[in-house]
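Some notes on the structure that comes next.
First chain written, first letter: the chains are A, B, C and D, and each begins at residue 1.
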Amino acid sequence: MPLQTFSGVFPYLVSPIDDQGRVMETVLGSLVEHLINCGVHGLTPLGSTGEFAYLNDQQRERVIAVTVEACRGRVPVVAGVAATTTVAAREQVRRYEQLGVDGILAILEAYFPLPDDAIVRYFKTIADSTSLPVVLYTNPNFQRCDLTPPLIEQLAVVDNILYLKDASSNTGRLLSIMNRVGDRLKIFSASAHIPLCVMLLGGVGWMAGPACIIPRQSVRLYELSQQQRWQEALELQKPLWRINQLFARYNLAACIKGALEIQGFPVGAPLPPQPALTDEQRHEVALVLDEMEQLMKD
Amino acid sequence: MPLQTFSGVFPYLVSPIDDQGRVMETVLGSLVEHLINCGVHGLTPLGSTGEFAYLNDQQRERVIAVTVEACRGRVPVVAGVAATTTVAAREQVRRYEQLGVDGILAILEAYFPLPDDAIVRYFKTIADSTSLPVVLYTNPNFQRCDLTPPLIEQLAVVDNILYLKDASSNTGRLLSIMNRVGDRLKIFSASAHIPLCVMLLGGVGWMAGPACIIPRQSVRLYELSQQQRWQEALELQKPLWRINQLFARYNLAACIKGALEIQGFPVGAPLPPQPALTDEQRHEVALVLDEMEQLMKD
Amino acid sequence: MPLQTFSGVFPYLVSPIDDQGRVMETVLGSLVEHLINCGVHGLTPLGSTGEFAYLNDQQRERVIAVTVEACRGRVPVVAGVAATTTVAAREQVRRYEQLGVDGILAILEAYFPLPDDAIVRYFKTIADSTSLPVVLYTNPNFQRCDLTPPLIEQLAVVDNILYLKDASSNTGRLLSIMNRVGDRLKIFSASAHIPLCVMLLGGVGWMAGPACIIPRQSVRLYELSQQQRWQEALELQKPLWRINQLFARYNLAACIKGALEIQGFPVGAPLPPQPALTDEQRHEVALVLDEMEQLMKD
Amino acid sequence: MPLQTFSGVFPYLVSPIDDQGRVMETVLGSLVEHLINCGVHGLTPLGSTGEFAYLNDQQRERVIAVTVEACRGRVPVVAGVAATTTVAAREQVRRYEQLGVDGILAILEAYFPLPDDAIVRYFKTIADSTSLPVVLYTNPNFQRCDLTPPLIEQLAVVDNILYLKDASSNTGRLLSIMNRVGDRLKIFSASAHIPLCVMLLGGVGWMAGPACIIPRQSVRLYELSQQQRWQEALELQKPLWRINQLFARYNLAACIKGALEIQGFPVGAPLPPQPALTDEQRHEVALVLDEMEQLMKD
């Protein structure tokens, strides 16, 4: 059976957690429903925006279970797996696969620096422990171990490592990787990149937190790119980028959660000690959201 | 009742974990016994060397429990508490206090950057949730959020925040902090600093991984410093520093664990994907350990 | 009189210097002639590739004089001006303007960090001291003082500051700047960016070292972008990027000079202690140059 | 003839330049006279504090000439030589030697990164072109090419490379270097280090900007260290460190020049665009200078 193919807009879901540490299942379900209705092509729980680094194992599992259930197979669910040890990563993969996810977004957390072969071993072990497609995640800004282009090339030969989600902000790096791995790995943009540029270069979509709050606009941008209507796409991309400009200045989870609250999804605040948006920041976010709404009316 | 006072050599204990993920209690107990017999003044489980970032909650708790039990109150046990969320940190503090530790080494893990007031809030919450003395841990090399001198000054007014363990490698920073906080915070050196220099400046001891494998030499260096026999101390410090020079080149946990294996404590390898020492590295470590032995014979 | 408009491919010229420290005028003249014949739209002496940081005042002046003379007004010459002091920068502007250049590429060298208003003052002084159009140059990789987007916005109101050459490698930063300054500043790509992406976003061309050795391919890429033939442009951009991939691994001046030697322009080696290409590196460069030649034959 | 030996307090001289770009010879001469009267053991023109990176060749030469003349051989003058090219460095060495300096402080400026053997070649060429003793200068904060311990070890075998001035702020690095090179290189502290610690480790003195404004206190600290009166030295070191704490927050040249103005040496402001001290900063500096005065009265 061929592996499932991923492409298009995959919002990073936030993880709504209440004061008692419980996953707020109703609002997470509503968000999933809303995003699918807006036309997104997949869902990615437990990415950076999903605060994977702030959740315990039980919370993580619950987020996955609720997402899969609410999704009802309408779009693929690609679950973030993140750990410092190979054992913990493999355990997460096993549980999330049992819960019914369609793909794994593989993240390496590290405290001490790791030599290259240890990095490769970690990702290979993850891939070996599942039959699902694996997306490599690389984010030199927040992570201590970088997946360099030579390591990515090594991993691209693994049967079920099929995608790369790069969050480096260096678009040239993407093209260098593409030139190395050809069609063996397909590239998803992160919110650090301009989706339009990545699509022009041959990317297959984007996995990003902001897509949670501008799903219809994101889908529209994706479709224009697919149709190679680059000038129209640019006209949409330029104002959409204001979201990224704004969010780069504050805590990302706080921004996405705050924006969703404004949009009527009471997902709560990021886990403390991370701060919620201040009133002033919330006002700024509200103004940009209005601009984004306007874009779809024109 | 006045809070317990800490000073002297506090080795960072390794965390011996077997292939099944179980804490190897016998060897951990033997190591504790050995270190106390060598004269160390305290024990610090779950520091960086203790691979706190690689252990799950159950493993962490077991390491603390075994250490406290083996120690039998002969020296204080200062437990590392490390989390990305305030809730998880508070929970660790509560459990470790119940298990009988004598102090808390407070570590902030972070994924997204944090504003200053959130950093302060995290450490204050830890201190508020215990009656034990708290040691602030700052390590700009491995952690994303730095405790800057102004933040340290703010935290120094909290009743039970009494110590700072600084791992910055910048000795001038220590003196700047001392000039700011005076006697309100006492300073422990980390292995990134030269203990001799920190002692000369008025430090009260050091918390460091290498003290696990050179406990008698460390105690001797501490005593010479206490007696202000600075020249003799320097004669000892210079060759001892070779341990730090060597370990800076490899994974720290691998070095300490490898050295302990050579010394007859079968503590195993660091948790994968971290690599164990290669044969060649092990040989290098063995040679330096011989030199260290020689120092105590002269 | 309206200021001259710049757009298209502006190769960074190398600075050929012989063993006695003299500018090798003949080969520099031939290179200028060759590039103009290949259709480039302008020339930029004394950029990073031109080793401005390695030349003394006399050498810099001579490079400008020879370039202007060989160019004979066929395309605009935009001269790099780089200094740590305002006085030295102003002096360079004055001399180069007397020598007949058409624009100034303004670079700030710094040893100590500078506050924002000092950075702004430096660039304003340069602009005030000339009637020529000024291109701001920002390169966070090699320079200590970054022109942040807010500073760029402040400088964009100066009458003759009309362009920005950004070498940050962060393409999203370009779009953020464009969203801030609108049409007041036009953007040139650097070799750290993918020209195709910058053109799609609304850039007006690129100033880059590699254009010295692939001038016809660069002009072709520019024309395809201008005609919005994005897919064809991508087919050309992908293999052209191999040049950047290769050069990122070695000293840039050594690569460009080595490649020009292979192409029949004896421009010599970079100034010592910078190393020339080794035989092996030269062989690698020769292979890539062959690929580049092939692109224009297809 | 054996090479001259350097040890003790070597203030980095500021470079007083007037609005016309001329070296203000009278005040520079007075400063030299004052420092020698205060007991300093040597003088170092054209260090970082001397704004070498902001002066042209003529200004640099004039600073050296005036210093040598005013010094009249009473203490050694060690001149900073800094360049991006080997040729320019050699030329500076030759001129400064003709002007009568007693030693060379060798600094490598770099724009592009350099491979290790090129770095070694640069410093060897400087040493080969003079019979004077050479001090290696390493400053990873402000310079792009670091002299790593292995490179320093290679250079330590050169006959007239006798000293290292390390400005890394990492005191452990100093001990690692000492353990590598033994007595072949003697170590001078920089203002990034705590002189007291470096002296305890076996350093022979310090080369630092702040010594310009606290020369008598510096000499006193040096003497206490020489006499191994470490506790008394510490009592002096602690308050002296406030100077470093203060200056770390502003432009170093502005601080030293501003402080000298307060002390009656009208040395002017740092070269623009570097800012002079604001009134408020000047007030802060004046307060600390008062404290420093007080230290010598007790």
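What we mean here is this: contacts are C-beta pairs under 8 Å (C-beta built on N, C-alpha and C of every residue); 3 or more make two chains touch, one makes a residue touch a chain.
Values in this document were obtained by computation on a predicted structure and should not be read as measured data.
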Mutual neighbours - chains that touch subunit A and subunit C alike: none
Intersection of the contact lists for subunit B and subunit D: none
Chain whose average C-alpha position is farthest from subunit A's own: D
Whole-Å gap between the CA centroids of subunit A and subunit D: 51
CA centroid of subunit C to CA centroid of subunit D, Å: 36
Subunit C residues counted as touching two or more neighbouring chains: none
Graph class of chain-chain contacts, one of line, ring, star, complete, other: ring
All touching chain pairs, where touch follows the definition stated at the start: A-B, A-C, B-D, C-D
Subunit B contact footprint on subunit D (complex, rising order): 169-173, 175-176, 178-179, 192-194, 196-197, 200-202, 228, 230-231, 234, 237-238, 241-242, 244-245
Interface residues, subunit B side, partner subunit A - complex: 21, 48, 51, 53-54, 56-57, 84-88, 109, 111-115, 117-119, 121-122, 125, 142, 144, 251-253, 271-275
